[in-house]
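See below for the structure under consideration.
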Amino acid sequence: MWIYEKKLQYPVRVNKCDPHMAKYLIEQHGGADGELAAALRYLNQRYTLPDKVIGIVNDIGTEEFAHLEMIATMVYKLTKDATPEQLEQAGLGAHYAAHGKALYPNSSAGVPFTATYFQAKGDPIADLYEDIAAEEKARATYQWLINMTDDVDLKDSLTFLREREIVHSQRFREAVEMIKEDQSSKKIF
Amino acid sequence: MWIYEKKLQYPVRVNKCDPHMAKYLIEQHGGADGELAAALRYLNQRYTLPDKVIGIVNDIGTEEFAHLEMIATMVYKLTKDATPEQLEQAGLGAHYAAHGKALYPNSSAGVPFTATYFQAKGDPIADLYEDIAAEEKARATYQWLINMTDDVDLKDSLTFLREREIVHSQRFREAVEMIKEDQSSKKIF
Amino acid sequence: MWIYEKKLQYPVRVNKCDPHMAKYLIEQHGGADGELAAALRYLNQRYTLPDKVIGIVNDIGTEEFAHLEMIATMVYKLTKDATPEQLEQAGLGAHYAAHGKALYPNSSAGVPFTATYFQAKGDPIADLYEDIAAEEKARATYQWLINMTDDVDLKDSLTFLREREIVHSQRFREAVEMIKEDQSSKKIF
Amino acid sequence: MWIYEKKLQYPVRVNKCDPHMAKYLIEQHGGADGELAAALRYLNQRYTLPDKVIGIVNDIGTEEFAHLEMIATMVYKLTKDATPEQLEQAGLGAHYAAHGKALYPNSSAGVPFTATYFQAKGDPIADLYEDIAAEEKARATYQWLINMTDDVDLKDSLTFLREREIVHSQRFREAVEMIKEDQSSKKIF
Amino acid sequence: MWIYEKKLQYPVRVNKCDPHMAKYLIEQHGGADGELAAALRYLNQRYTLPDKVIGIVNDIGTEEFAHLEMIATMVYKLTKDATPEQLEQAGLGAHYAAHGKALYPNSSAGVPFTATYFQAKGDPIADLYEDIAAEEKARATYQWLINMTDDVDLKDSLTFLREREIVHSQRFREAVEMIKEDQSSKKIF
Amino acid sequence: MWIYEKKLQYPVRVNKCDPHMAKYLIEQHGGADGELAAALRYLNQRYTLPDKVIGIVNDIGTEEFAHLEMIATMVYKLTKDATPEQLEQAGLGAHYAAHGKALYPNSSAGVPFTATYFQAKGDPIADLYEDIAAEEKARATYQWLINMTDDVDLKDSLTFLREREIVHSQRFREAVEMIKEDQSSKKIF
């Protein structure tokens, strides 16, 4: 089970109303390679992964929920003071018509989140490569988002998140090599 | 952010291999009124709900993650020792072909989880009735599941979960009345 | 069965070409809390609801089809004289590429309607709270839409529709109390 | 708008509990070529079709709602007295876990209805061929369903519905030829 | 099996960066009536169609892959030199956030491709009318796209593709008459 | 463009009617890690990948279409002589109601194929890890399928396909290392 602690993993500094950028950040909230997909991927996989990597997967899955909260906080702060007209101009008129100013996990295009974005195969090598790919895809998304903003504070938060994905990718690469070694030694004896 | 604590909210006692029942329990894992939908519903809504109900919504959202873990644990325990043939006979052959023995959030029919199962409207009355409805629908699902099993231990866990939904429903009913009262007193002055 | 009567439930006065607003109105055509979802929700639920509320549910379901027709008529009138370029400027270029000027039930973002937006649980209390929530969510959408337009005639039609949702919500609240009373009296004897 | 008349278009005679067949009939309730898809297809298309075929499309769309009600009535009658165990044996366990005994528009496999099953293009020739195809596909589904049952009464209802689709297909073929003729004569002058 | 030949079926002349038009062309890449849906429709149907029409269906299905490649090439050429800001202005900001400049089969609105866009019924008449409808709908989409651009080169490629759909529609109409004749003569003897 | 050659990449020996196994094989036709997802993934990615890996991706994408045809042929041969009753007993009753004996790309559970199963990010490292993961997941699916059958001929075809995925995974691993090296040498100068 999880205990909620009322703080963000890393501070989110957003000092202005910028619904335009919020529209794109939503991709990491409920998009194909977003934080929700990541968290659910790892937390579903953990039941059938070998014991020695369950800890890594559980830790990273839990951290992705913290990232999800950071993204949600950014989106909320960037939009909370916007008028309906400003939301429309930012391409968030459809979001406002459907959800007012509430958060909702969809892609930047407005497609609701679906579990088809991730996989759990019950095969450790397949699952861990799925995880490396997930982290690399999230890294790419953060790069595209960084390319889309000039806001220094937002860039700082996004850079933090991108760096975490790189660290996770590295940990999953180590994990997959560990499992391959085990499998290979098992085949010998 | 959330801290993981390595224990279940309530013990899950499953002592036998029963993939047949696992197939139906999956409904509460990734189905329309399942625990994942519930957790995401509340945790998305909390940004735009009035301060006085954010705590309730945040607590219940966090508890639903604990329920999700209980359901996942049940499904895993009921299926982990099953042969492919036993999974097929239990109607889980399609699950095995796609996911081996891994957990994956879909409905009992095998339809992957989608965020369209829940809503966040940015209107407190609408969101809180959505929440009451969610709890009543989850209560009903637990009832249908209880009707489908004779396993005493499983019935005990499912009864615990059903009772929690009833408590949540009650808390959301109190919350909606609280908000209505506030709105009504605001209109007067 | 249903008999078609060639008139709208309430007159739709749209005297100008305004594809911009049409884009958002589509949310009530094929969106999550739109009139199609409402009609199908009630008409599916009616088979398993107790006799004493079937009439209410059947009437409201039938009325929602009339609302759907009003919304469709609005969208059609607001767009029928628009050039492709005007549709593009209004954010309806994707709609034009896919459907020309035809009506099609999707959300304002362009996501096709899905039955996952509503539920029928076969449990009267759960279904009736689902219905109250549905009406409150539709009320909220109409409010967001009213906030997005300055057109007096459109506001009039949307206000009519919003008021009907409030009436429906009230009727469903009465229905749920009626059923609760019945269930409670059954338990006594 | 539509007026509800409390009778079925054609009597549905179901005298026994047969959830097994209900599972397949659901295909015509909420499946790709089912009655809901048909009704929505025609009622959406009618706004942009030429005046001379709007009547046909509106009539047939309205009739498809009557067919939808017939199918729903069949499914309800075939399942209402079934125990959870009988529903499971008939492959409806997932339906029961999610919806109890309520009706819900999904495919026989349990995939919720989606508007992507039909199209409205805003081009009369395209829309009318879409409609012919829809009727032929529905005719085929009724044939497959007839092949799956030995129940004389059920066969009678399904044969009635299949025949109606053949009549509709014929009417749409006449409509498309009428429109082609018009277009061809317009090109001459 | 298929052999790749490194050339396009018909030259795609795109000499400028025009992401605005690319946004709409994507409809024919991964939209409801796009080239991917067409190719998969025919190539799935061919297994159960009568021998005498398998060749037609196989040829046209293979040609649709060539069309898909033409559309993809157009989209790629129109966007490859665009800055993120230009993509945003063209309504492709959500695409960039999710996919950078990669191609991806979704609709113009950004909804990922789904097989629910097409059907294979295992009934020759139904399948061939489905195919005629598909070609007519694709023809309509090309018309809407041609209406949206002033680019002479793009119009040329789109006109070529529209003409091919007309030819295909004609071939499918001949095929359906051929099958009807066969069925009718079979009934006689 | 692609040229069709009327032969299978590798012979498919199926000598008996076995709809039971066909139900599971469909997972590789239209499931999350099936051959259609694989082919579309690579053929979409190729536009934005570096020149030196486009050939690999194009070749493997084209080969996946050949695999798709092998799987479709297997499914067709295993089911073509089955009665409706045999299809029902094999869990393919829902498929028969919807598609007769036609092929259709859905998962083993009957969920229609969706492009959300794959990704194209426009970032070479991310795309190539996505590809390695895809091959490993397909390998796992083939393993689960092999575990589900005793048919020697079917096992032979499935083993061939599994081996091809292992070869592809290896080629993608080489490709990703090649790109990493290039990027690393670029950073130096």
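By written order: A, B, C, D, E and F. Residues from 1 in each chain.
Here is the rule we use: a residue touches a chain if its C-beta (ideal position, glycine included) is under 8 Å from a C-beta of that chain, and two chains touch if they have at least 3 such contacts.
Here the structure is a predicted model, which means the values were calculated and not measured.
*Asks:* Looking only at C-beta pairs that count as contacts, which pair of chains has more of them, C-E or B-C?
*Replies:* Between B-C and C-E, contacts are more numerous in B-C.
*Asks:* Match interface A-F to one of B-C, E-F or C-D, accepting only the pair for which over half of the contact pairs are the same residue numbers.
*Replies:* Selected pair, repeating A-F: B-C.
*Asks:* Nearest whole angstrom, what separates the Cα centre of chain B from the Cα centre of chain F?
*Replies:* Whole-Å distance between the two chain centres: 34.
*Asks:* What is the distance, in whole Å, between the centres of chain A and chain B, each centre taken as the mean of its C-alpha atoms?
*Replies:* Spacing between the chain centres: roughly 22 Å.
*Asks:* Name the residues of chain B that each touch 2 or more other chains.
*Replies:* Correct list: 32-33, 91, 100, 106, 109-112, 114, 116, 119, 121-123, 140-141, 144.
*Asks:* Residues of chain C touching chain D in their complex?
*Replies:* Those residues of chain C that touch chain D are 1-5, 7-9, 30, 36, 40, 44-45, 47-48, 58-59, 62, 65-66, 69, 72-73, 76, 99-106, 112-116, 119-123, 127.
*Asks:* Okay, in this complex, where on chain F does chain D touch?
*Replies:* The contact residues of chain F facing chain D are 84-85, 88, 91, 93-98, 100, 106, 109-112.
*Asks:* Could you please specify the touching residues of chain E with respect to chain D in the complex?
*Replies:* 32-33, 114, 116-117, 119, 121-123, 125-126, 129-130, 132-133, 136-137, 139-141, 143-144
*Asks:* Which residues of chain C touch chain A in their complex?
*Replies:* Interface residues on chain C, with respect to chain A: 23-24, 27, 31-33, 91, 107-111, 140-141, 144-145, 147-148.
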